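Before anything else, here's the structure in question.
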């Protein structure tokens, strides 16, 4: 159970030591090794957490510093957050392995790895936290590390400018979320997600009348409207979907390739996760028991519009790109749009399908960025027309490019196909046939875009001489293999049970609320017993 | 105890002033072309939201949340203002400072690369 | 007894200092020139802030109802007053010198400007 | 009546005025000075709101460090905003 | 060794006065801090340890401070306040040379700060090569070096010379 | 046209927010009473009678910052650290500090600044070590000490840092040391728990109903509030040297940094 | 209210408030940047006194710790504006 709290804290503790280490030791291998060991340890911890949470069937509440919920911060881990955190840790191991190949002996290595570890801490913290304000802090940890990593190639114009844009609007988004958190405290009288969720449901308010009437301090309906408006702006910014996508096609390509993989594959998921957490669990917009169920129509319309427009717009933009990384970045916007349409349905099927799509997209996108990154490194350009056919020399790269593209397009029998199929079924079940049209159209348009990438890398002019030497590296193979296995393995028989558990946990947050309240009540009753006895 | 009309008016006026300050600074962020001016407006936006956060924990006739040895606990609990927003704002100020420092470093680098901090000229130069 | 005397002396200093502060503020508005405003600013900082801070420290020391924290308050105020006495002149000197060197404001009208003479010639 | 309410209303209005000045001013050094004054007014607000801890961190950050870094930035770059 | 004392004393006094308590906790921390800071910064601050520990100099400093804070400040303030409150603001401003004789930087800075702190005179610049302050004087009675020295600087420099020189 | 739309939408949003906060009453009973949770914090901040629920710190804000909601502050420190690491990553490869004599401000300013430094250190340390008793704490003290780094950069020159004995690498090392001390304090309860098999939580300070681990709240009759004083001192170290790093980087001369920062073409 | 508090509330605070508004007027009007900074500076110094008086009135002496910080940073603001005017940039 301590593994929940240790995972992010361990990451930042190692991040603290890296610059100190760099004063004594200058060998690059040490930094690669330390970072790989840390991320592997965190992978073990997060997988253990997932196993614990999914086997016990209840969310896990960790009281930070031992404090009971409304006083202190809690980490509350339900199947969704445990799954996403474990998945993140897994992909990040691959990314660190890839970085060891990609960066080699770069002079900024300790800074790079410190930032990368901070990024992972931010992501896992966002998934694990059960506190509204702690979410703000973790979003900022994630944010500042992302800005720093995007600006890592500080002497290229586009990297610096993209990072400035990202950081600037990220700061505004963070401030707006801060205002939202403050408004939650102002009206609900506390900051624990489980408590806010309980107070949003009239039944819980009746059962825990004592607690609720003490803590609630204002008009929660008025506050919730403002909070949803403010926080959804922030979350859509972080997720990079339509009205707030403007930073993404600049920032993702400008970063070093492993970071592009992280940003496109994992960081955007954090925004989607936070939106789900707020809409489904905390305020229960799609929960008939909740007081805010009447908002579901508006929220549904907004999310659907956001998702559909970003999917269509981004798929069209993909086709006209000439820069390979920009093309892949637009594909991220498209997929996140599809994820948001799934969340807009408000049904367990929709949530399950969207989470599934998040997973397959993360693996596919990381793999595509990493294998395209090999081609970019070898041919020293990002223009699609001039890419070298690395796939002819190094079969693994060719294979991974092929499979990742096909998975992202959605061809059987790869993971991407199944996730889109499940999404399709969810649309059909809730009767939103217009979304099916969006899904099919955007996938068809995007197919053209993916073939633009696929063709030169797999079939283009092969590299020669010194360029081939660049391809050697132990880390590269390991890095490509992990997501490659993932996109083959993630099919419904394997993940079906997991997803069902996740979607049940999300659409029926009763256990989430109960655990948070129990944690408080247990503490108080034990206190009463010890002092009374 | 209830607040008199004039007290409520003054409190509301303060609140509105803070909200309008935030709005003016957002306008500055959007409308002014210079990156430096954008950063200045951003800091003002952060400041106004921080003060707003403290403001929701305010009460009239109160003392700060620092327990001095001579004050009894009951009187202290009955009189002091809300300490939680203060702790939250402390965090927010530090985070804002960190982001602003980084933005300044980035703006310097933008100037080194582009030779200007005017967004319109940067857009032209980027093509 | 002695406590009362100290308290009212401190209070008198505070009130007198606040009036001087107001006079300094008026002067700052009335003078026509940066270099003249410097003198009004000095009135405000020394007569209008330094002395009242000391007076307030006296009031604090003599307020026994504050308990042991009165020594804290008085000490802090004395340190602040001392820092003010040390830093305020250095600050206004730096500002005046920079203003003269950069030529932001001319010291006119003036019956003599030896600094410009020496630096120009 | 609590006298701090009057002061709160007065100084928040002053803060609004100086925000407007800082946003519309085209000379960036002046804008920095305006924003420093605005920050100090806000520090007074925070003090009146009984938040000495915040004042203690807000004054260094907002009155001290922001103008310092911004003047470093202006000194190394350009002084005028816009046309 | 003796030159480390004044800085340590300064740090200790500031710490104790600022903390406003003489509990063992503060005294221990203050003492440790004083030793540490003194060890770190004395080489930039004190050049001659012999002068540092003389009680006579300290007494002179106190005497100077008392004179300065009462008589000198009062005279200067009343002059400038009268100018501010009069209708036509009768000023005769000038930037004049004021020669100084002191060699020790602390004397120079102390007397310059004393001049600036009295309303009516502000040190605009100083030239260490020529040993001259350039003082902006709100009501100049004379421009020659003797007059300016006598009217502006004499008292301060003589008082401070007994402390630092 | 675009500006008008922007202005109107901002105004509309502000009006909505104003409506929600005052007329609709999202802020509750403004100005009248404190929230229930706030009363809990105030009652528990220093309360030796409730051993399982107190933070033993008379300064309620410090108690919340480092004990009740300590994780927030831990990661807030991470944000600050990461910002400095990002700045260092931008400035990587800059080894040579600009030469040349410093033409600073006048003698008066320099001497006064020199005198200010030891006094400022005394004040900052006092704010840091009394953080659990009076307003103040690690970050406040570090920010107060930042006066020294700003003034060294402005009044003297970047060379003065190395004359005083602070260089970029040394400042980063000291900052890391402070942060590692924070991490050590944070992890101590867990390590204790692993070694003895007892229950203990990350960042735990005092006894809880299900855990007997605690840091000493008082030493020789002096209240030190368990972890609070150690965290404050460590944070003080980290923050003040963080500011040193920042201003050292900012005051580097353009000629020195331009070549390494623009020279290498990377990633295309 | 004790006599001390009466005097402070009805005499000292109004005087200080009026003079601080007058300083702000100079910050707004002052033709040159030096005027603005000078009066901003005096404004800060005046507020140290204001902080002290308010702290005494609220009966919470621990609050006045903020005065020292304000004095320090007002000086720092002077110095960097002076350096900016003199050298055209801060730093080396």
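Which chain is which? They are A, B, C, D, E, F and G, in the order written, and residues in each are numbered from 1.
Rule of thumb we're sticking to: a contact is a pair of C-beta atoms (placed from the backbone, for glycine too) under 8 Å apart; a residue touches a chain by one contact, two chains touch by 3 or more.
In this text the structure is predicted, and so the values were computed from the model without any measurement.
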Of all chains, the one whose CA centroid lies most distant from that of subunit C is A
Measuring centre to centre with C-alpha atoms, which chain is farthest from subunit F? E
Across the interfaces B-G and D-G, which one involves more C-beta pairs in contact? D-G
Just how far, in Å, is the C-alpha centre of subunit D from the one of subunit B? 10
Can you work out the whole-Å distance between the CA centroids of subunit E and subunit F? 35
Averaging C-alpha coordinates per chain, one finds the centres of subunit B and subunit E separated by a number of Å equal to 39
Let me have the rounded angstrom distance from the C-alpha centre of subunit B over to the C-alpha centre of subunit F, please. 17
Spell out, as numbers or ranges, the residues of subunit C touching 2 or more other chains. 24, 26, 38, 66, 68-69, 72-73, 76, 79, 83, 86-90, 92-94, 96-98, 101
Counting only residues that touch at least two other chains, what does the list for subunit B look like? 7, 11, 20, 26-27, 39, 56-58, 60, 63-66, 68-69, 80-81, 84, 86, 88, 90-91, 94-102, 104, 106-107, 109, 113
Which residue numbers or ranges of subunit A touch two or more of the other chains? 133, 137, 140, 144, 147-148, 151, 154-155, 185-186
Across the complex, what residues on subunit B touch subunit F? 1-3, 7-8, 11-12, 15-16, 19-20, 22-23, 26-27, 30-31, 56-60, 64-69, 73, 76-77, 80-84, 86-88, 90-91, 94-95, 97-99, 101-102, 104-106, 109, 112-113
Touching residues (chain side subunit G, partner subunit C) in the complex: 4, 7-8, 11-12, 15-16, 18-20, 22-23, 25-26, 31-35, 37-39, 41-42, 45-46, 48-49, 52-53, 55-56, 59, 61-62, 64-65, 67-68, 71-72, 74-75, 78-79, 81-86
Residues on subunit F engaged by subunit C in the complex (per definition of touch): 105-106, 108-109, 112-113, 115-116, 119, 123, 134
In the complex, subunit C touches subunit E at residues 20, 23-24, 26-27, 30-31, 33, 35-36, 38-40, 42-43, 46-47, 68-69, 71-76, 78-79, 85-86, 88-90, 92-93, 96-97, 100-101, 107, 109-116, 118
Give the list of subunit D residues in touch with subunit G in this complex. 3-4, 7, 10, 14, 18, 21, 27, 29-30, 33-34, 36-37, 40, 43-44, 47-48, 50, 52, 55-56, 59-60, 63-64, 67-68, 71-72, 74-76
